[in-house]
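Letters A, B, C and D name the chains as they come in the text, with residue numbers starting at 1 for each one.
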């Protein structure tokens, strides 16, 4: 199949933030082209948005259902849909796509709540279609390297995991000024039962489990709404027990003034440790019990030292920093490569299969549910449902 | 009074670690001289140790009681005693000193348990003598600057405090090899009810309360003994509620491989934040809601920008780093200046009074008790006793 | 004109490094599509390479001349050519393109030597076509912010500029093993009169002049070939005098073991300073005479604090790092926007015009010439030709 | 000899900066006591200063000659003199001390000019007395570790050395306001032929030669006086050729606004590299050709990994930072230990002998002379005299 994979998009119209990120990430590795979209529920806005990104006018649709129908009828129709809508629409769009026989790449969270997530898992599994979820931070080369080091015993049995995601943008009552991003995220009707943990705590959970292979068993979580009048929490702190006996701390915050996207993790094992920060993603510190610590760097210079998954996630020489979009693009590239193999009737390889799936989606929703439940009960220990 | 303040020492004989730190710190600012000691409970070892530090042979005593008696009888007798013994001796030595009319500077913790701490508080208060406690991290210039910034409203109302103290030296079963420091710290008979929180968690608590002026109301704490066969905890994680409504995380660990003395704090207020790390003590990051963050540096260059307490804690120009011993020495200098004023019948000034007292000692013991109690109860919320 | 700008490519076939960077960078902002290429002088390899990037088979040409002819004849022909060949081909390809009426975006250096550069300047100027040069480091948002700060007097009159570009990859005799990149760069016939200064020193020169607006007047330069048998220099150090009276140091090295792409600059002015490093491109340190230094960060969070040129170069929120490809993409986006305006008969705006031109190319060649000349004369002071 | 070494001091009276540093550094390791001083040429000020530091009133002298005479006559007289006067007095005081049979520890520079330095070398050598020079930066543990790594072949043959010492305090015309430190340093009559290179460039030279064992053969140096009306240079930049064939850059500046004491060095060898900065002295980065770089830390935790000289320079566990005073104190401790051995008729050991001597002093003066000479000749290559 000698053509690019064809992507359609739902959401991401003019003025949306994450839609543009998806488009840029999908474009970087040249395996995907945007061919159509239902960029807005307002048909005119959808058309206008399509024009901005040079989509054929007749493939800018007024609704996702219309798009799925029309594209299925074309010989050169879309191969997969990128879902970049507000959270509550993730499930219905994914469901409609799968039912129309269209593969799915969804922005996180997978769904609005756990029940939907489990339904979606069933749908994906029974559909035989390919589903990806953009838990994007796992696309960074050094996150993959960290995962490899833990998996290959490089720090011994994991004992303690400290993972955090502080932001500061909700330190004031932005929603009172109707700032769009703040308004929906702090509104239970649109954001669900959690603001901070649902939006970013879940990235911390996903990162910790991805790197360490550990699964959270139970947690004790406290929620606080620091800003007057805010219903949902803007700060959450958890003590965590992993199934293996490892312990941890996980916290997220949206009121940590001037914090940008401070996702960071420290993993302590019996014989070593690992430190990584999203705002300096091209540095991974590795600690040893009996040697000085090492500064691991990604990039082509080190292709022979890095694990295959990490090396494959690097595009350029070390010291030429790759960033957030490139990490995001790794998910798209792996997804596209896997999809291409499927469409060609070939077996995908292991590296290409390394992107988040509906199982990560279900896991994330279970984490949020447990946080909410624990917080309601004065931080009582609460198990994650499978 | 034109002479140096005279210090006697209990403990700190040959091979001891912290005694030497006290001697060096006391010497730096030239206000204190070591004149006598009961360096060991073995009289010969005490004499030999005294010789190493050029103490007159007849003032190296075989017991602290003997020292107090003999020195009280001299016209040029000791002004205060530095207590650098194992923890369980802190209280009896301090008590004997106060009863003999001798001022006290004690290594932390103030006592072996809370009951003793409260008794000691009474003794100090009724004695009219001067008691200092070497919670040394509060001696750093930029810790004082941070305290000043918070107190003067520089970050607004405090919302969240994340404080941590990871170490790695107990990641293996050192006590099985009879390593001296490990042996007593992991032994309930000598260390008390806690290992990690008692030894270093209490530094985190002291630092957080010193910088922010916030007081912990209650905490939920989990203890883990990661190393096989160890009775006391080598890792402790707390969710914290402060009396003001601020929230926090506090943790300490002795199994974080290759961590040195990673005491670090982040304070998030309504309008700004502060970040400080003990291993880079000459940098304080200040975050603002509406400006780029600032890198605050200590040293003479900046004397006009720093608060008086911070400026007074600097000895040399910025960029010539001061370290742990200098911070420790600030406590000694402030204590000595206050003592000198007292001996001269003068009023001590505010800057000199800035050293930890028995109230910090009582507070620290209450913190440890609350951690132990909470940990026994599956991390149930537990109040600190006053 | 509601379509993407159409790019053709010369060079960048299978196995080439920089061609892929150009393609990725051109793709990110969705304004450019790759429609054709003469990817190799071997027609079959060109076709195969075209296939890899999903170029129509009949638009993968066997030579650039063939491509220019064929594309000029098409209604949907290429708008501009990206030149990603070895250095000695930059000039002939650019010349042919301009003569065929095709706009040019060229990898650096603009030409093989100064004479060609001046010829090319004339050709560009007389053609009325748009010429861009990918001196990519000037695409970083914070490089643009630094330029803005200097230009608006934020550090006062510039006094001293220290700029450096250390690499380590040529620390051993790679060319003896026929490593492709090493072989041509160390070969006078293919690389010209300089290896290290020509390849990376010129980036340092370009960065310094871009940020400060200062122009080098003369320099004293020493070349060394540390690796046995190497003819061209693998290390070069310069003292620099700027026309304004500012002074500086500029050095580049390819034998600084384990250095990646350590381009870094420090600008010292009368009232402040600026520090930037390519390996941490999202941090700009700004020093003041009378305040603590500031940590400037890019990203959407700070759009209101950044200068328009810097803000326009940011795509995502602060703390989501953008890297080398995004910086590269800024050049492409600005070039494409300017070209689109030209094609539409509109006036380009100031921000879009911010990409390197043939004048930067001439300047870079003059710099290399001066280094070579000075080095031949025992580091005698040597002027840059205009 | 069971007593402390007795130090007398010349200079360092009230309000002086460096005298206090010497006193604190000498006190830290408890091997030295200050017994007398000629703290000022004003006898009353000398007495008052002596009182501040608890020196017996009858041992606060009105002149150094008086002090040497009186102390030689005492049985408990001074063992050595610490010279902390302005530069032009270093030589006469050292000469008088040596002639009186008194050992010398001198602040740097050793003398006012090269001729004096060579004279002093002869005097020291013929006297049989012990002479030390406080080129203090070589006292840092990790500077010693760097020296050990180079000496033991850890980075292969040295190729390139980049060493710098930027400061910012003379960026304005402080001397016009009669600021005391600025006034003498910018005055040729009191500072000699150089301001910036003489004051701090020489530290860079000393550090580079100490760490690498390389000796500068010749240099090309440019001086600039950026501040209007200033006669001596406030900025100096050198290209450097070492005797071994290594190359380098060395620069110092006093007009780099907001720079503190940014002494920093990078050494590049055939198989590795080393990076150290004075403002973060407890971190040494070691680069390898075939492994990720390492972060070397000092402190007791790592006593078994560090070289003996570096380990001996550490007093406390890693992560408890030691700073400038401790580095300074290492010089004093080594000097005192050596002196004690001499006084006892014992052989000093290798570690104790590791402090700067008159040879470093002569070398430093030759360096300054060469800079001045080269700068006068438009940065012509100029050899260092031996």
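Rule of thumb we're sticking to: a residue touches a chain if its C-beta (ideal position, glycine included) is under 8 Å from a C-beta of that chain, and two chains touch if they have at least 3 such contacts.
What you see is a predicted model; the values in this text were computed from it and never measured.
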Chain of greatest Cα-centre distance to chain B | C
So what angle, to the nearest 5 degrees, turns chain B so that its CA atoms land on those of chain C?
-> 180
Whole-angstrom distance, CA centroid of chain B to CA centroid of chain C, is 55
Once you find the CA centre of chain C and the CA centre of chain D, what distance in Å lies between them?
-> 44
Where chain A and chain C are represented by their mean Cα positions, the distance between them in whole Å | 34
Got the chain A residues that touch at least 2 other chains?
-> 259, 293, 297
Mind listing the chain B positions that touch chain C in their complex?
-> 285-286, 291-297, 302, 305
Mind listing the chain B positions that touch chain D in their complex?
-> 2-4, 20-21, 23-24, 27-30, 34, 51, 53-54, 167, 169, 259-262, 278-282, 297, 299, 301, 315-326
For chain D, which residues are in contact with chain C within the complex?
-> 155, 159-160, 162, 164, 166, 168, 171-172, 220, 222, 224, 226, 235, 237, 239, 247-249, 251, 253, 255-259, 266, 268-273, 287-289, 293, 378-379, 381
